[in-house]
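Please read through the structure below; I'll follow up with questions.
Letters A, B, C, D and E name the chains as they come in the text, with residue numbers starting at 1 for each one.
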Amino acid sequence: MAELRVDKLRFRRGGFSLELDGLRIAPGEKVAILGENGCGKSTLLQLLAGLLPPDGGTLSYAGKPLKKIPMARRAQLFALLPQFSEVIFPFSVFEVVLFGRFPHRQGNAFTAADRQLSKEMLALLDLSDLAERPFSQLSGGEKRRVMLARVLNQQAPLLYLDEPNAGLDIRHALEIFSLLRERTETIVAPVHDINLAHRFFERFLLLKNGRLLADVPRDELTPELLAETYDVQVATGTAAFLFQH
Amino acid sequence: AKRIVLLAPAAGDILLKLGAEDQVVGVTRSLREFPRARRVGSHIRPNLEIIRSLAPDLLIISSNRFFSEQMAAVVGAPVFTYHPRTLDEILQQIGELAALLDKMDAGRQLIARQQQKLAAIKPLATSPKVIFEVTAMPLMVAGSSNIVADIVARAGGVLLAPGRRKLVRFNPESVLAHQPDIYIYQVGPMNQNPIPPGKRGPLNRLRARFLRVDELQFSRANTRSFDNVLMLNRYFREANNG
Amino acid sequence: MKRLLWLIFAMTLLGSCLLGSTVIHPFNLTAVERDILFGLRLPRVLFSAVIGAMLGLSGSVYQLTLKNPLADSFTTGAASSAALGAVLAIALGIPLPLVPLVALLTGLGGLLLVYRLARQEGFINPVNMILAGIVMNIVASAVISFAKYYFEDSLSSIVFWLMGGFFVVDWGKLLVCLPVFAAAYLLFARRALQLNLLALDEHSAQSLGVNVHRLRSFAFVVATLLVAVAVSHTGIIGFVGLIVPHICRSLFGSDMRHNLFYSSLLGALLLMAADTLARTIIPGGAELPVGIITALLGGGFFLYLLQTRREGFWHG
Amino acid sequence: MAELRVDKLRFRRGGFSLELDGLRIAPGEKVAILGENGCGKSTLLQLLAGLLPPDGGTLSYAGKPLKKIPMARRAQLFALLPQFSEVIFPFSVFEVVLFGRFPHRQGNAFTAADRQLSKEMLALLDLSDLAERPFSQLSGGEKRRVMLARVLNQQAPLLYLDEPNAGLDIRHALEIFSLLRERTETIVAPVHDINLAHRFFERFLLLKNGRLLADVPRDELTPELLAETYDVQVATGTAAFLFQH
Amino acid sequence: MKRLLWLIFAMTLLGSCLLGSTVIHPFNLTAVERDILFGLRLPRVLFSAVIGAMLGLSGSVYQLTLKNPLADSFTTGAASSAALGAVLAIALGIPLPLVPLVALLTGLGGLLLVYRLARQEGFINPVNMILAGIVMNIVASAVISFAKYYFEDSLSSIVFWLMGGFFVVDWGKLLVCLPVFAAAYLLFARRALQLNLLALDEHSAQSLGVNVHRLRSFAFVVATLLVAVAVSHTGIIGFVGLIVPHICRSLFGSDMRHNLFYSSLLGALLLMAADTLARTIIPGGAELPVGIITALLGGGFFLYLLQTRREGFWHG
């Protein structure tokens, strides 16, 4: 079973330390990571994706230690949307999205199928009009969507999305979240918009100062827990706009 | 040898004097004394294709050893390196060249004429200390392996040569400290329009005689070197007499 | 476009073989002419093309792996460390055929040093590569200066060697360089897709399955090898590796699959044409150092592109 | 009166064009700009801040055309938080925040008062612990807060904040928004979190495809308007978490 | 720290004055010694310090305005265009005292060209500056190569001049360079706070009241002037402008108020010490080219820092 297991994970950098004693994420689960700035969400994601070497503990996917999975294989298992990304050459939007097909390349060129998939992915993320535009000439949210398209194009069963709705307008955020909810992939995503996360995710990891405060399903995400995580007062049921895709 | 390609400009004078003008089929661009020979580029960067099309049977090269050897290997002709460091070596190489060119008689005469010139040298009462400036900026002076060192020595002077090199980058304050009697500076392509040293800031404190010479006369080691000995000898004597 | 370029390439090749300080009548070869054509000119023309391709290719890879538009074989210290060996070999009078070998050795030594300096806790990142390259370049250049100074008898040999050029070429050298280029080109071309991903940030590239550190090290080592081989045979021919990749990026897009190919082709074209001009432009058989023509041709074209299509050069 | 006036503003870049026929923003107003990705929010902000030259129309502040206000003076009038910022040298957090005092420098050094103010600003934005950390070693949200501190430190009466809550956790977003609401500065800020904007801003510019769709006070921000702006369905009053500072 | 550095500086200055090919007895000066000390040595020592300061200062400014750790007077084309004039002047036999003037003129010409190329719709951004600098550097270097080739009789003068050094120094030159440096230093120091902001993205800097384009142009022009003046008097002394600012950033932080000061001071210290070594290391009055010592001293220290405190160099 393609389960993600974390045991006694330890990591420190400067004055920050992250400890995670045990975590299992089953295939298809939609897990949001909640926690304040600097609590270690991005760091955890990088550790899970094998981009940072942990100082201790083990990570395994489908029973296999992460260390033993070669990098090329990992890209077929996990995809990562980093919090910040950059592209130094003037690549076009289509080229960037096509990069997502890299783990599935046959030989040294992308196939017509890859191109077709990329086009579909562009359409899915409402980017078809921008396909030929240089990546550097996009608005912030557009760039972000291009990167999301690249990540989804990777067709990995496990997606690490670092703040997938950052910089997205509400329509695109909703579209993408409902899209994600309906897909079979496992999703692990730090999210700052708690109401949105609450609607679309089913399990919540609450992180504070590098420690796991709680690991709860949707109906146990109580105002008290949130209050403790963020040190704010939380109430429910108050009037607000509700956006529907 | 009947088809010579001459890549060592200094040897041009000797070939002319040996009467071998017609045997020279290729010369570098800086040699104007062989109007009938083909130009084969510069002596540091000769043109291989032309040299090969001339089908030479002798290459005369200067000290640019690295490329010359490589070239000889491609052209397939024997190589003579003309690179004398003293007057004796000039005479010796004249002899060798004469032998190669089958001009033994002319060679012997040429050598004898040079030795005659040396016989005219008159001894000096005291040996002047001499500095020979090659370029003014940066200040570089002749070192002890420069042909100038032997010329000065034969003329009765002592070259203040700070190193066993041909050119030495020198320190103006060391010139002052060495207190030379005679400061020779050459003027020519390497040292164009230098300010006369006597008028230069750091050197105007120097109590020396300043002599201006022509670079083309001095820098090439050939029969002219012998004339230079005589000229310097005369000059040193005048200097000694006040 | 690609076909047009190949056509231009073939025509330049033909022209280069027929033009020169001695005239060649292609349909009516004398023995000497045949000798010159096949013994001297053809290998030289081909050699200049191969070296140009090597320099263009290495520059393309350097700019990508160092993520810096100023990166080339100089800034990485590769050219100077290879040149160092050649200069010392010339100065010490080591036999000719060994000079490229010595150059290659010091080039590899320099490579090792830069590589060790650039690694930090097992990782190799562009800024560290740049800083390490600066160190290597400084040290090698200092020693070269010293050699120029100390071995004054060899000064003109050294200076002219450093100026670079295709002086004496035989089929043997070609037989060394062509396979090296071909191997490197194939190695890169097979990884062209991965190389593209180095233009992304490290995490994105890595999560796409590229072992960024290994690929960067690999690309760096192979590019440096290319430069070491090229420099060891021809001296330092500057700017080809710097401008050709920029020109190609501007004309043919950023995709490394194209950039690798066009950088090689344009590098070959540029150097071949420049060398032909260098040996024919002055009547009387004198040769200009090829670097001068390269700089004027390449620099002029670069200037033109900079005026007309600035956007395609570099993101920023 | 330090009013911001925009008349017949025209700007085009590539295929995108922005037109704004008339806009007045009075001192102290809190204006949120809403609109989907690529509708021109950031572009508008850059035009208002004088960072992009418009192709037509006039901008004026306090009756004076923007063009006539020298750049140094502008910095005392407007401060801008760009959507993305970078720092190439390893500056410390404190140094970056201190940069905000630049428009008020006396001579060529920051005064003790500047330092004091910067320290207070760090405290205000919950950054005191990070003061000596190199800027490059912060988490995404921490970086953003540092940049906000720099902008507030500028003490300009008019603040252009491009997505001020981007990447911030809910506590810091609330803290900062209530802080902003209580201050006297005029604020013009593109925001993607509509509920948050609705709570803290009093006037809304709805932008679509580079055109001003509506310019409404809080109580006229109807679900219909939002639906038109974003092409989504909007309802009100549904249960959600409400966070209180 | 600052006081310690000043102390080291003063001691180096003193040592440099007393050390040399002739011994000087400070308390018992003969006429010749006084002559040497005040007429030759002191101006040279001070001159080397001023030139070092100029190079360090210009490098510090270039790295900031071009936002590139590889930026220095070479990559901006400033050094080569100034050297070009000097080389031509030497080759054509223009009287020596005029050489710096010609160099300054071509330096300014190069500056103008780069500046025009780098401007795009009235704006000047780092990538364009880099690309324009590359063009200038290529063209100037090509012409220098041509001069080396064409005026082969002047080759050794040209090569040795290019190698850089303090050839003939008198108080007059010092009187030219010192005010130029002082003026540039003051101009930069007065703008140090603004310069810091160039490390931010353009919009942030601009909204803080810095006219980024004007400041960048200003910094670029003044730094290039500094380089042109320095190169025109001393030839090309490489790497000082490249490594000194990195070293200072690593040791004293990124703040340009400190970086400007320490880059000048350390540049002066490095070049003064290097020149003293260059003229004393070989007994008998012969001199090593100063660039060799500079590279070894500076490169060694840079290497050491790179091994021990890598973080402070550049963000990334």
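Quick note on the criterion: a residue touches a chain if its C-beta (ideal position, glycine included) is under 8 Å from a C-beta of that chain, and two chains touch if they have at least 3 such contacts.
To keep track of the chains, here are their UniProt names: A, D = Iron complex transport system ATP-binding protein; C, E = Iron complex transport system permease protein.
Because the structure is predicted, anything quoted here is derived from the model rather than measured.
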Field: Number of hops, chain A to chain B, where each hop joins two touching chains
entry: 2
Message: Among all chains, whose Cα centre is located farthest from the one for chain C?
response: D
- request: Determine the centre-to-centre distance between chain C and chain D, using the mean Cα coordinates as centres, and give it in whole Å.
  value: 50
Query: Taking each chain's centre as the mean of its CA atoms, how far is chain B from chain D in angstrom?
result: 78
- request: Could you grab the centroid distance between chain B and chain E? Build each centroid from C-alpha atoms only and quote it in angstrom.
  value: 38
- prompt: Roughly how far is chain A from chain C, going centre to centre by Cα mean, in whole Å?
  reply: 43
Statement: Touching at least 2 other chains, the residues of chain B are 42, 44-45, 167, 169
Multi-partner residues of chain C (at least 2 other chains): 149, 156, 289, 313-314, 316
Task: Mind pulling the residue numbers of chain D that touch at least two other chains?
output: 84
Message: Once the touch criterion is applied, which pairs of chains come out as touching?
response: A-C, A-D, B-C, B-E, C-E, D-E
Message: For the complex, give me every residue of chain C touching chain E.
response: 68-71, 75, 117, 120, 125-128, 130-132, 134-135, 138-139, 141-142, 145-146, 148-149, 155-156, 159, 163, 238-239, 242-243, 246, 288-289, 291-292, 294-296, 298-299, 302-303, 306-307, 310, 313-314, 316
- prompt: If you look only at chain A, which of its residues touch chain D in the complex?
  reply: 14, 35-38, 42, 83-84, 133, 137-142, 145, 163, 166-174, 192-195, 198, 223, 226, 230-245
Statement: In the complex, chain C touches chain B at residues 20-22, 32, 35-36, 39-41, 90, 93, 96, 99, 149, 152-154, 156-157, 160-161, 165, 167-168, 170, 279, 284-287, 289
Message: Give the list of chain D residues in touch with chain E in this complex.
response: 46, 49, 51, 71-76, 78-80, 82, 84-91, 95, 99-100, 102-103, 105, 108-110, 134-136, 147, 150, 154, 160
Field: chain B residues within the chain C interface of the complex
entry: 29, 38-42, 44-50, 52-53, 55, 63-67, 69-71, 73-74, 165-167, 169
